[in-house]
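There are two complexes below, and they share subunit A, which is joined by subunit B in the first and by subunit C in the second.
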Partner chain A sequence: MYVAALAAALAINTLVIAILRHDPWVAYKTALNDSLGSIGGFAQTLNRMTPLLLVAITFSLSRQVGLANIGMDGQIYVGGVLATGIGLSLAPAGLPAWQMVPLVLAGGAMAGAAFVLIAGVLRAAWGVSEIFTTVMLNFVAAYLVEFLCTGPWNDPTAGEAITYPIPRTAALPMLITRGGAHTGVLLACAVAVLTWGLLYRTVPGYEMRAVGANARAALIAGIGVTRVQLIALTLGGGLSGLAGAIEVAGVHERLLVGLTPGYGFMGILVAVLARYHPLVLIPVSFAFAVLVAGSDSLQRTVGFPASAVFLVQALVVIVIMVVEALRARRERYVI
Partner chain B sequence: MGWQFFFDPEVLRQMVFVATPLVLAAQGELLIQRSGILNVSIEGMMALGAVVGFLVAYVTGAKLFGLVAAALAAAILGLVLGYAAITLHAPQLTIGLALFILGTGLSSLLYRMVIGLRFLPPMIATFPAVEVPVLSELPIVGRWLFRVPAPSYVVIGVVAIMHLFLFHTTIGLRVRATGENPRCADSLGIPVTRLRYACLMIGGMLIGVAGALLPMMLTGTYSEGMVGGRGWISLMLVILGRWVPFGTLMGAWLFGYVDALQYRLGLTIQTVPPQFMLMLPYVFVVLVAIRAYRGAQAPQALLKPYDREARA
Partner chain C sequence: MFPDPARDYQCPDQLRCELKFGGGSPITKQPLVRLVNVWKRFGSIQALAGASLDVYPGEIHVVLGENGAGKTSLMCVLAGLYRPDQGEVLVNGQQFAVRTPADALKLGVTMVHQHFELVDNLSVWENVVLGAEGGRFALTRRRCHQAVRQLASEHGVEVDIDARVRDLPVGLQQKVEILKMLYRRARILILDEPTTFLTPQEVDTLLVTLQRLAASGLAILLVTHKLRDALRVGDRLTVMRGGRVVASLPAAGGTEELLVQWMMGEPPAAATKLLETARPAPPAPDAPVLLEVEETSTVGTHNRLRLQGISFRLRAGEIVGVAGVAGSGQRELAELLVGLLPVAAGRIRLSGVDITKLPIRDRLDRGLVLVPEDRVRDGILPGMTLAETVVLGLHRHLFPNVWYDFARAMQLGRNAIEQHAVRAPHPLIPSTYLSGGNIQKLILARAVETCRIRAEPVVVALNPSRGLDVRAVQHVHQQLRSVVGRGGAVLLVSEDLDELIGLCHHIVVLHRGQTVAEFDGPGYDRYSIGEAMLGSAA
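Showing the complex of A and B:
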C-alpha cells in the first residue's frame, strides 16, 4: 500500500522532470545525494525535519482535542518575529550564549502561543471555527513579516527583504558542524517524546484524548472541554512558534520573508500520515524532510518549482488514505 | 475625508468587481454543503482553476475555453473528494485539506511546466467593463452596479438561479433533504449518492471558474499564491450567508467593499505601510466571522458520511 503510494508519486515526479527536459536518472541521483547521500545533504534533511516535526505536533495536538489548527505557518512567522526582536534588542547587552539562546527560543514559543490564542479565544467565546481564523491569521503574520523585513528591521546592505542578523551568541549550537545541522532536531525529537508522555501518560493528556474522542461524553464526565481544548491549542501554537525561533536562530540567523516555505501545510500531511501519534511523527517527518531536501536539490538542478513538493506529498497522503478506506470497506464484507 | 470617501462610486464599482470570484466560489461551496459534504479544498480548486484557465486562455486565445477547462479541472478534484468522502466514507476534512495542498502544488507546477521561467510574465486581456445601455445612466446605482465586466452580471444571475434551484424546484428540495437527513431521503427513494456527486461536480465547476476569473478579471496574469485566501473566505461567506445564495452574495459584497476600500485607503494615506492595508481584509473577515458563527445552523448531515448499510 505504501509502496503503491510512493510509486504513484515517483511516477508523477519522473514525468515532470522529463517534461522539463532533464534526465530523471541524473536528477534523482543528485537529489538523493543532496538529501541522504552526503553529510551536507543529511544535515540539510535534519534541518528541514525540525520545523516539520514541531509543526506536525502542533496539528496533531489540535486534532487530538477535536480541533484543526492549520495556521502553523503564521505561528512560525510570529515566532520568528519575536525571536528576531529579542535577538536584535538584546544584542547591545552582550549576554552569553547560554542565556541568549533560551531567551530567543522562549520568545518564539510565547509569540506562537499568543498568536494561536486569538483563534482559540474566538472559538471558545463565540464558536468561530479555528480552521478559518488560523488560516486568515497566516496572511496577517506573513504581511507583518514582510513589513518588518522591508521596513524598520531591513538590512539596507543586503539588498533584499531580510532583516539585520541577530548576534552570534543567539545562534543555536551546531550538531554536525561540517554540514551545518543545528541542534534543533534534538529539541524537536525531545518535544515529540514529551508530547507522547503528556498525551498517553498523564491525566491532562487523557482528558485531551477524551475530548477528542467524544466531546459530549467528556463534558458529561466533568472535563472542562473548552479549557482542555484551549490548552492543547496554545501548547501547539507555542511549538510552532518555537519552530519559527529555531529557523531564525539555527538556520538563517535573521528574519526573512520566506521563513517558512509552507511547513505548516506539509506538517498537516505528516500528521495525517502518522495518525496524530507523536512518536510516529518522528520517522514520518524525517521521510518528508528527505523529500523536501531532495526537491530543494531538484529546484537547483532542474528548475523544479518550490511548491511542487506539495504535489508529491499530498499525492502520497491521498493515495494512502484512499487505499486504506478501500481496505476498510473490503474487510467489512468478509465478516 | 468625509462620508463621500466611503461611498465613492468608484469604490462601490470595485466592490462588485472584486467580489465576483468570491460570489461564484461561495455559490459552488453552498451547493456542495447543502448536499451534506464539507469541501475545504476550495482554495486549491481555485488555484487550479486559475492556472488552468489562464494557460488555456493564453494558448488558445479564447477565454471561454479557459473557463471550461478550469471548470473541468476543478471538477476532477471534486471527483476525487467525492470518491473518497461519498463512496469510501473517508474523513472529509483530512481528504479536503490534502486536496487543497495538492491543488496548490499542482497549480504552480503546471504553470512552470507550460510557461517556464520568464522575466516578463505572459499576459491575457482581462474582461472589459460593460456598460448596460440604459441602466448605467441611473442616478445612484448606475455608476457602480452597471459598469462592471460581463462575468459580474453573469455571476449575479448564477446567484438567482441557485436560489430558484434550491428553494423552488423538486431537485433542489431533494438536495436539501440529502444534506439534512440522508437516511430519510434515501428511504423515500432519493438517490443520495448520485445527488451528492452531482452537487460536488457542479459546485466544483463553479469554484474552478471562480478561480479562473482571478487572472481573467483582476490581474491578466497568473502569479503564485494569487488566490490569497479567497477560497477560505468563500467558505466563511457560506456560513455568514446562512447557506442561502443571496445571503452569501451580500457577504461577498461586504468583503469586496473592504477590499476595494483598502486599495483606495492605501492610495490616499501614504503614512501607513502598505502591508498593514493589505492585512485589513483578513483582520476584517476574522471579525466578521464572530458574527457569522453566532447561531449558525449548518445542514445536519454536514461532515457525516452516509453509510447506507450502517445501522441507524
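Showing the complex of A and C:
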C-alpha cells in the first residue's frame, strides 16, 4: 500500500520535473547521490535529520496529550538564541568543551521549554487555544532572531544578517568529519528512544496517552489533565529548543535568520506519518531528511526550485493519508 | 410539495376509505404493507436475516425482541432509513420501492425514534409543521396553527400547542412527535421503545393514545422489549431474534413465559432465570453509612442544572436508586459526587470523611467509583488497547513506582475477558473495536476491580444498562449486586423505573435538581413514585 503511495507521488514528481524541462533521470541521480550516495551527502542528510526528528517528537508529544503545538519553529529560534547567547557570553571564560557544549545545549532546551510554557500557561489558565498562541509566538521568535542578527549581535564583517560566531569550544563534536556530520543525530535518536520509554513504559507516560486518547475519561479517573498536558508541552518545547541549540552549535556555529527553513512544519508531516510513535519517527525523519538534502543539491546543481521538494513531501503525505483513510474505512468493525 | 394544510387536511377520512377497500372485518382485512424476506448486513453483523412482517390497519402490532434482535433495523427499512440488501416492500401485493424516508412518507410510514427529533426552542405547533409547512415562501402561520389545533383535538392528544418544547416533560414531547407524524398523514406509525424513559402515568396515557389512534384506523408498530406493555395493548405480537421473525401471532395467544422463550431462544428454565431480578438481601440495620450527602447544592450554569438540597445516605450493602425523568439533575448529581462539579453548599462524607472539597483523584483513591452515563465519551480510551483501558484509574494503585507494568495490565485485561465476559480475542485489541455492551462490561470490570482493592467502595452508576441487551443488563445487575455483596454500596441512577424497582433497597426521587421524595422497598408503589418524578407529589 505504502509502496504504491510512494510510487504515485514519485510519478507525479517526475511529471513535474519533466514539465520544468529537466531530465528526471539526471535529477534523481544527482539527488540520490548528494543525499545517500556520497559521504558528504550522507552527512548532510544526518544533519538535516536531527532537527526534523526532534521537532517531530515535540509535535508527537503534544498530540499524545491531545494538544497541537505548532510553534516548533519559534522554539527552535529561541533555543538557538539562548544557545548563542550562552556561547557568546561565556567565550571570555574559556571553559573547556565538555562544560561548554552541555551548557549551550541545556540553555537551548530551557529556552524552548520556557517559550512554549507561555502558550501552555495561557491554555491552562484561560483555555486559550495553544494552536493560535504557538503560531503567533513563531513570529515573535523569528523577529527576535532578526533583531539580534541585524542589531546587537550582528557581525559587521560578515555583511549578512548573522551574529558573531560562538567559540570553537561550544561546537558539537563531529561524527563524520569529512562531510561535517555532527553528533547531534545520536542525541536526537537517543531522545526518541527515551521518549518512547517515557510514553510506553512509565506511569506518567501512560497518563499522557490516556489524556490524549480521552481527556474526560482521564479526568474521571483522577488524572490531572491540565498538569499532564502542561508537562508534555513543556518537555516537547524543550526538545525543539534543543534542536535550535544543535543547529547553532553543530551546523552554523552562530545565529542566523534562516536557522530553520521550515523544520517545524516538516516535523508535523513526519509526526503525522509516523502516527506520533517515537520509534517510528526515526526512519520517517531520515526519509524526509533524504528528500530535503536531495532537493538542496538539485537546487545547487540543476537549478531546480527547492520548493519542489515540498511538493514531493506534500504529495507523499496526501497519498499516504488517503491510503490510511481508505484502510480505516475497510477495517472498521466492532466486536 | 405539501398541499395547504388547513384546506386539505382530511387524514382520518382517507384512512376510513382505505379501510373500506381493505374489507371490513379484522379477520379478512388485507395488510396495509408487507415486508417480505428482508436481509440487511452491517459489516460483520447480520442485522436482518430474512425477516417478514405484515402491517394491518387499525391494529397495534407489537414487535418484541432483545436489543440487537433486529427490531429497529426492520423498522428502519420500512421507514426508508436503511436500504435492505434483499427483500421487498409490498403494497396491495405490488412491489413498492422505499429508498428514502420521503418514499416511506408516500406510503404514510412515519417513525418516532427513541431520541426525539424536536427543536427545543420552538413551540409545539411550530415543531409539528416544521418541514411540512406548505406554501412556497411565507409560513401561513394562522392556518398552520389552526390545523395543528384541530389535529390535536381530533385525536385527543392533550398538549398545549403554544408551549415551548423544551419546557415540556418527556411524555408530552413524545406526544408532540406523534402529532408531528399525524400531521404528515401517517397511516403507519412506528414507535421505537417509546416507554423506556416514561413514568408509569405517562406510559398509561401514551398507551391510551395509541389505542385511540389505532381505533381511528392507523396501523401502529410498537417496538419494545417490555412484555408488560406488549401484552397490555398489543393486538398482534411479532417476536424477533437474531434478525429473524421467530413468531407472529394474535395477542390473545401469547403468554409471558412463551414470549420470553421466543425472545431469548432459551429453554424455559434458563429463560426465566434471565428474567429474574433477585433483589439482594437488605443490609443489616447497623451497617455503617458509606456515603452521606447533606443538603448539598451547586451553582447552575447554562448547561448544568442547579442542584439544591440534595440529601441521602448510602449504607454498606445497600443499593439506593435515584429515580427521575430525564434531565432532572441525574448527570449533575453524579458529577457532584465524583468531584467534577464543585459544591456550593452542603457536605458530602465518604466513610465518615468529609470529601466535599477533595479532588477527583482523592475521592477515587478512597473508593468512590463512577460508572459513567456516556460510556464511549467518558469511559474508554479510543486508540489505546483494552488492557490500557481497563487499568485507567487503577494505575496509581497497580503501578506504585513510575514504571508501567505491561504484564500486570495484560493480566487485568485477560481477567476482564475471562471473568467479566468482555468479548474480545485478546487484551491488546484497540478499545474502539468494542461494542456498547462490551465497553460497559469493561467499565464494570474496572469498577469491580477498584472495589476489590478498597475497603468500603461506593459505586455511582449512571444509567448503566441503557441500550444494552437483556444478557448484558443481567451482567450489569449481577456486577452491581456483587459490589454490594462484598460490603460496598451502589447508587444506581436510572431513568428506567422498572430497573430501580427490581434492584434497589431504597429509592430517592430527583425532580428539577432536588431530592423530593424517598421510598422504601421492596413494596414500591409505582404510581406514587411516578407522581414524585413528575413533581406532583406533596
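Here is the rule we go by: the second predicted complex is superposed on the first by the 328 of 335 C-alpha atoms of A that agree within 3 Å, B and C clash if a C-alpha of one lies under 4 Å from a C-alpha of the other, contacts with A are read in each partner's own complex, and residues count from 1 in each chain.
Here, a contact is a pair of C-beta atoms (placed from the backbone, for glycine too) under 8 Å apart; a residue touches a chain by one contact, two chains touch by 3 or more.
Given the structure is predicted, the values throughout are model-derived calculations rather than measurements.
When both complexes are superposed on subunit A, subunit B and subunit C end up sitting side by side without clashing.
Contact with subunit C, but none with subunit B, is seen for A:Gly224 once the two complexes are overlaid on the shared chain. Taking the C-alpha centre of subunit A as the apex, the lines running to the C-alpha centres of subunit B and subunit C meet at 60 degrees, rounded to a multiple of 10. The larger set of touched subunit A residues comes from B, when the choice is between subunit B and subunit C. In the superposed model, A:Leu144 lies in contact with subunit B only, and not with subunit C.
In the superposition on chain A, contact of A:Val272 is made with subunit B only, not with subunit C.
Looking at the shared chain after the overlay, A:Trp25 reaches neither subunit B nor subunit C. Between subunit B and subunit C, the smallest C-alpha to C-alpha distance in the superposed model amounts to 6 Å.
Residue overlap on subunit A between its contacts with subunit B in one complex and with subunit C in the other: 332.
Taken together, the subunit A residues at the contact with subunit B in this complex read 16, 19-20, 68, 70, 118, 122, 126-129, 131-133, 135-140, 143-144, 146-147, 150-151, 265-266, 268-269, 272, 303-315, 317-318, 321-322, 324-326, 328-329, 332. The touching residues of subunit B, when paired with subunit A in their complex, are 40, 80, 83-84, 88-90, 93-95, 97-102, 104-106, 108-109, 111-113, 116-117, 224, 228-229, 232-233, 235-236, 239, 273, 275-276, 278-279, 282-283, 285-286, 289-290, 292-294, 309. In the complex of the two chains, the subunit C residues touching subunit A come out as 43-45, 338, 340, 359-365, 370, 372, 377-384, 388, 391-393, 395-396, 399, 401-404, 406, 423-425, 429, 433-435, 438.
Of all residues in subunit A, those touching subunit C in their complex are 200-207, 209-210, 213-214, 216-224, 332-335.
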